[in-house]
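Each in structure tokens, the structures are laid out below.
Paired with chain B in one complex and with chain C in the other, chain A is shared by the two complexes that follow.
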Partner chain A sequence: MSTAFGAAPTIRADGPPTWLTSRWTQALLVLAALLAGFAVLRGEHAFPALPEPFQIGPFFDRVYDWVVANRNTSPLFLYGFNYLSVGLGSAVILVNQVLTLLTWPGVTVLGTFTAWRVAGPRTAALVLAAFAVFGLTGLWSEAMTTLALIITSVLLALLIGIPLGILAGRNEGFDAAIRPVLNFLQIMPAFAYLMPMLLLFGIGNPAAAVATTVYAFPPAVRITALAIRNVDKGAVEATTSLGSTSWQLLTKVQLPLARRTIMLGVNQTIMLAVSMVVIASVIGAGGLGDAIYQALNKVNVGQAFEAGLAIVLMAIALDRVTAAAGNREYASGGSPVPRLAMTAAAVLAAVAASVLARLAGVADWPREWTLSAAGPINAFNDAVQDLFGDATAAVGEFLLGWVLDPLRTLLTDSPWWLVLLAAAALGLVLGGWRTALVAGLSLLGTGLLGVWGLSMDTLSQVLVAALVTVALGVVVGVLAARGDTFSRILRPILDAMQTLPPFVYLIPAVALFGIGRVPALAAAVVFALPPVIRLVEDGIRGVPPESVEATTSLGSTSWQLLTKVRLPLARSSILLAVNQGIMMVLAMVVIGALVGAGALGYGVVFGLAQNQLGLGLTSGLAIVCLGVLLDRLTQSAARRTG
Partner chain B sequence: MTSQATETTERHPSNGDAKIAVRHLWKIFGGNADSVLGTENQSMDRDAIRERTGCTVAVRDVSFDVAPGEVFVVMGLSGSGKSTLVRCLTRLIEPTSGKVVLDGADIGQADPQELRELRRHKIAMVFQHFGLLPNRKIIDNVAYGLEVRGMSRADRYARAREMIDMVGLSGSENSRPGQLSGGMQQRVGLARALAVRPEVLLFDEPFSALDPLIRRDMQNEVCRLQRELDVTAVFITHDLSEALKLGDRIAIMRDGELIQVGTPEELVGRPADDYVRDFVSDVSRTDVLTVSWLMRAPAGDEPLDGPVTAPTTVVRDVVPQLARGTAPVRVVDGDRLLGVVGRTDVLRVIAEDQSEGDSGSAASGAGASTEG
Partner chain C sequence: MSTTPGAGRAAKAAALLMALLMTTSCAVRTTSILRDPDTVRIALNAWVGYEASAAVVQYLLEEELGYQAQLVQLDEQPSWQALDQGAIDVILENWGHQDLMDTYGPGGNGTVVDGGPNGNTGHIGWYMPAYLVEEYPGVNTVEGLKEHADLFRTPESGDQGEFLSGAPGFVTQDQGMIDHFGLDFQIVYAGSEAAQITEVRNRYADGEPVLFYFYEPQWLFEELDLVRVEFPEYTEGCDADLEDVGCDYPRYDLNKIYREDFAEEGGPAYELVDAWEWTNADQNAVARLIADEGLDRDEAAARWVADNPDVWRPWIPETDRA
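Now for the complex of A and B:
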């Protein structure tokens, strides 16, 4: 099993590479074997059902039944989760009440003022615009519900995450202990968090708050630990040599010096919380996410767009403010007295604004001030549909009939053991026996969970979406790497795209392709594109200029330069981009189900919505299995060439 | 302990009134130091020990005394263990075995509280990369040691200002470290160490990161402050000229061991082995050796009417006197005649300087030693 000639097409090895030892040829052979097997054994050997006591879905269903039966009697719930649930619910309500009490002018004044002090006038204008959009679209109270949920979960996540991070940063043993837990939490798809929360807390805000907290706290721990560990060793040693106690070292040296990095963690936590809060609308968290969800259900693109715009602005505003808070230089810190005065002034101004609003009788955003864009957008959407409808429909039908369906048939109708062997063989070719083992086991896992068919359906969609993403990403990335102007234009767009919660990508996809697997695929592609473009561009820009110069001096055309020098040398970045692209596409599986992608995603959504824990959890775990499979295959491909 | 260790003790007999006494200090990095200490591995060389046990011996059976008010320089190439050694003195790095005694008290026995008090009041350290806090103003950096002691803001600021003046940084109190040049930052580091009024100052290659002109300024500054404040200093450096300039005594370190401890003259005049000889080979002997190193009893027929000089005069400075007349220079302490230095004695030293690499150690045969 030699893969020594893996790099043969680009770098001349000693002898001519025999085509049999090239691992891409071998991978093709594996696919050919799969196709042949499919042709012969089509429709036979479906994954056998396990005997009843070993089925996993029904087991989870029994757990669910037990919880429902005992929720009001078991001490675990009576004195544990129920208290927590009530406490969290009250916290969210409390924050929401404060926001309501302040009224919209008060909140706007406070928010804009804070943004101005922390991040300067431009961000303040952005924040002001965001608040204006909340009001004008008539979504003010939804926006405040979402904001309250974000504030509560972020505070909770930081309250847990930062101390844990400090501990992990100062104590190697604790760090080693907590690391696998964080790894596990971070590879779980967002939706997988919802299920157990729903079970323990029931539908509503407490479950959403806990799910969001659990989803958002790992980066706070990681980045805080990293920040503490990266504090200048010299400063720590010098202050130790002056006799600091451990507490003095932490408060006077480590925390102040780690502050900027920790703020980066806070920023990450907030962004994760924003995307989770939107997703949590599926388990009854109200607010903007729910507005999008409802609008998408009714295929009302205009309404979905409004709510989407509101959440996008909220995400970007939160991102800019917290990013700026982290970037502030030490020197501009100023003395504490004026800062205190400023804070007091801001609070006073906010209170004054809210009192004035009450006196003027506009404590709630006046109905007549709303400016619904839903109508015009829907009209515009219809016009677009009329204009491009045929084209998009054709594209959709082509994808469905010629790509998605055949691949799905291939995967679902082949004998299960053949698919499994093919995956293992691919693992062997790309990585080695270890990868082969993991690939085989993870596919076997989906079968044991009892969702083999759904998994194959999802796998086919993910593969197609990943292929499209990578193709587009490489083209755009190459263009961006070679055109500075294009890159400059692209950069802020990618920045903005990466701050958006994945939910939002469904809106344009639905607008163009309606409902079904194709819009889900389009949304996944758009969601996964930014990191792919980034990595490809960075990889190509990272090619040593000497290599380019040398080959140019030998008279290469620019196409030769690209195919013979730039792409091969950027290979490891590109393979990493493939890996990232696939993982991002996979993260969209459940979200795509909201617009009709079906398969595993639908299992999760349906399970959540209908309280079918068995279906929901097995589908969620199967997604994790597919994630492990694809991650291992692509990562080992990247490593072998590195 | 071992025979080797005893030998070391004999070489450096314990001095009752030493400020710092280090005895059989070992620092072994790696999981199982026990597999080195007290076994036959102990006497193997560093690479062999690493191969056998996976441990790195950074400091190996080091013993020395530092007298009150003395500047003791530890000098060696990078990786010789000198930085580890100085950190072991205040247990910034915990020694594997051995004793560090400060004013008769074993630092190794101090509990965390006592150790902190020691660091807050008695020993301060200056670091190669300064170790300043970039988020604090200069005055708050200088006052840090006082702050962690719990001194009031007004008091510590007053003291910090005094120190900032002393190192010549007046006016920079409210700057931040990032706004200062490297030399100025090291002055801040020095002021911070001095602010706690330490009895012992430890310097870990403090000037290696500075450019040569500033380095010379800082060396003079340290000489001045050390004299003025009368502190005991342990100074780590890899720069021989710096060691010769600052050190009352110099210890040469290689692979974790002290090879030779002595005055600059002793190192230059009587190197313990080829390693040290190689080290000091570029040093001009006439600049380092004093007349007391060369002087001998006058021969019977020598005229005793030559010029007089003090025993601390370096050889270079008696060359003009010898050039003027044929009589040897008389070395006197007050009225007492200690010995004489003649033309041939000086010429021999000059000849040695010129024939570098020649292994003949003529200097060691030249007259009586004035040790002790």
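Now for the complex of A and C:
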């Protein structure tokens, strides 16, 4: 993409020695310059405050006051936002009432049957197991509330996302215009969404549904656009040459051919919605997220885990069903008539089940039919703490004293312009002028938002957490790539780690590492590890067997094989893993603040809890700025290498 | 059981749908969201004492009056916003918040009203384990904190003593107190009450020093022996400047806050909530069942209700008394 400084330096025969022009050496030189500058100029260097009328925080605070004063008088609300919020809130309630009306046997019959038709008997068994867990943990009605919210917001997200995606797939200009918006939406931390939503759409289900929709629709747009663009050019040309209209082209060729990929987008949207509804419980969304939250208030890890397990199962069930709907192994079988008959039979069976349940007096899941694993889980948690508590505390102290504190001091006590220049220089070295510009501007953004110091604190934590994540992820990924059994055992664990709401492991993290930045780091690592491990494993497995054989036949040791062949050839996957790892760690900044990470994350949490829109939103936007910076730097590095 | 509840629900759903269609034909206020008149929506703030109150009120509304009572998990300040938007009907345990009363109360936009005391008194303060006071007598005073600040150092607070703050939504004046009394302490934000309690329990188990923001009534006092730090008593207005506070936290007579229309429309649910008033001991009894014995909140409420008919009978509106 760029041809600037440092591009293909090795070709120039008369230039300086190659080690000096290597990008990594140059990057190290930039860091050395930063350190030298720090040593000389160390001290208080506050980012200059903007004059009062231009400060961004107070501006948001004024917006907040205006909305509170005008919510039920201004036409903007009376004929705008309030429509949406009342409509959406009511939609969620209606879906929930339908689920309640069906009763648990009815929902179970309908759900299991659908899963069987769409995805086959194994997935149907999984869905049945998920329903059983909802009931047995005593969380049936909570699970249905969550399901209602997911259904409403996913439908809405698809209603918005797929048309936008089709537009973006057929129109380059629109695609270019919408891309930065989607980037922004995906880097913005979920928590930071909640405040403006709360303000515009009201507390409870409406705001939760809008927040979930906004959070979940970007992948639907992206993947739909990609799917439409990837439709075989030949098929498109053939249709156009036959004189079809644009609408016919879309409905007869592009959509049917893109369907499989679009379903992947649907799948991603659902997964994001599942993670968001848990967070939305903070603004009164209710359901399973609420159950987790309340268990945490009582510091009852076991109870939180039970509700977390219900979420994990719901996520995995929804994932498998939609993934299968994309592949259509089962559903396409049979002619339309029996399919219609089957559907009718399923609906009848569901209705019959619900009527029977009412007659039998078990329309609500009977309380006697519940089991609790909370006790054993709590005991396990205590035992782990007794066993490893001292060791983990020592690790934590080491990390704080030798890694986190020095890095934070370096970033906060260096002059702001020096850090800014260093970021831009890194951008230049790794990407080129455009990357340099974006890197510099995004850091400048944090300063203009008025939260430079907090941003540097957060940046130091994110960098360390990302480093730990990548180091662990590469080791585990390499092991998984080399051992099929290990890989098979690992897979369900990674699935669970990815879908388990991070709230659940916050308390164990505090128990092991005490309060502060270290437990936040531990939680972020747990959250960010799965995609890193997956990408590394995938990259190494993708190394062509010929290269491996060639090296083995030359008599290399397996260590040489790994370091000289496998890792270098998998480099672009690994750099992508670094990028994903950093973005996932960044997504945990706010959640880390719940266990004492402070900094920007705490700004968001505090702003939300104390109705301070200015603080909450500027902190959230600063996190976006850091995200853009780190994303650009790592992506450029990956692209130039790949 | 017959099928009538199902049919009733279906009819209700249809009625709600009609209401929805009608409301969308003109200007929409946030208060016009679908609402079942037989459902009372109660804010549920994060601490267990509040949950105990909510559990008992919910139980009585449902079992004695036949209402549905829905508990909506919210932070303190957003709860007020929820009343303003018509998303909930009542806050059962409010701690101060005069500023919010000015915004939303009769002097402001008039969407909420003060529902009077709920009988509980609340007291926020700085606390430490009793064993510290035994080991270092007088450490629970301003002078003692000055002398022993280094005792409370942690890796997180560096070379200052650590003051562990609680949930971000709670009322605080800690920085103002630290500044006023010239204490060499740094606030470490635990970020959530759960994290804070976990940390306090751990340090307590190891006999380590810890100084933290806490409040009564709170169930943890049943489990740990904690001592309050002594500051000059609160006097009216001594906390006016939050950057310089030379006194302890005030004692709050905790009160109820209603959505204006909920109080206006009245009805048995409102009458019960309005008549409900109990003591700190009552609340602690239920909170202990929930937090210590791990009972579900409705089981805890059921047990308390079974044991204390004399306390709650008078809250039931006369027309509904069996």
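Throughout what follows, the second predicted complex is superposed on the first by the 493 of 642 C-alpha atoms of A that agree within 3 Å, B and C clash if a C-alpha of one lies under 4 Å from a C-alpha of the other, contacts with A are read in each partner's own complex, and residues count from 1 in each chain.
In this text, a contact is a pair of C-beta atoms (placed from the backbone, for glycine too) under 8 Å apart; a residue touches a chain by one contact, two chains touch by 3 or more.
Keep in mind that this is a model prediction, so the values were computed, not measured.
Student: Output check: A:257 vs chain B and chain C. Expected answer is one of first, second, both, neither. What do you get?
Tutor: first
Student: Figure out whether A:160 sits in contact with chain B (first) or chain C (second), or with both, or with neither.
Tutor: The answer is neither, since A:160 touches no partner chain.
Student: Looking at the overlay, what does A:82 touch: chain B (first), chain C (second), both, or neither?
Tutor: Only chain C is touched by A:82; chain B is not.
Student: Taking the superposition on A as described, I'd like to know which of chain B and chain C A:248 touches: first, second, both or neither.
Tutor: So A:248 only meets chain B here.
Student: Which partner does A:358 reach: the first (chain B), the second (chain C), both, or neither?
Tutor: Touch status of A:358: second partner only.
Student: Which of the two partners, first being chain B and second being chain C, lies in contact with A:235: first, second, both, or neither?
Tutor: After superposition on chain A, A:235 lies in contact with chain B alone.
Student: According to the contact criterion defined above, which of chain B and chain C contacts more residues of chain A?
Tutor: Counted on chain A, the partner with more touching residues turns out to be C.
Student: For chain B, which residues are in contact with chain A within the complex?
Tutor: Per the touch definition, chain B meets chain A at residues 87, 90, 92, 115-121, 123-125, 127-136, 144-145, 147-149, 176, 178-179, 189, 192, 196, 202.
Student: Quick check on the complex: what are the chain A residues that touch chain C?
Tutor: Checking each residue of chain A against chain C gives 68-69, 71-72, 75, 77-79, 82-83, 85-87, 89-90, 93-94, 97-98, 100-101, 138, 198, 202-204, 206, 281-284, 286, 290, 293-294, 296-300, 303, 354-355, 358-359, 361, 363, 374-375, 389, 396-397, 400-401, 405, 506-507, 510-511, 514-517, 519, 593-598, 601-602, 605-606, 608-611.
Student: What part of chain A is in contact with chain B in the complex they form?
Tutor: Where chain A meets chain B, its residues are 232, 234-245, 248, 252-253, 256-257, 259, 330-331, 333.
Student: Give the list of chain C residues in touch with chain A in this complex.
Tutor: Per the touch definition, chain C meets chain A at residues 1-3, 5-6, 9-10, 12-13, 16-17, 20, 23-24, 27-34, 44, 46-48, 51, 70, 72-78, 81-82, 84-85, 87-88, 103, 109, 154-156, 158, 164, 167-169, 188-199, 201-202, 290-291, 294, 296.
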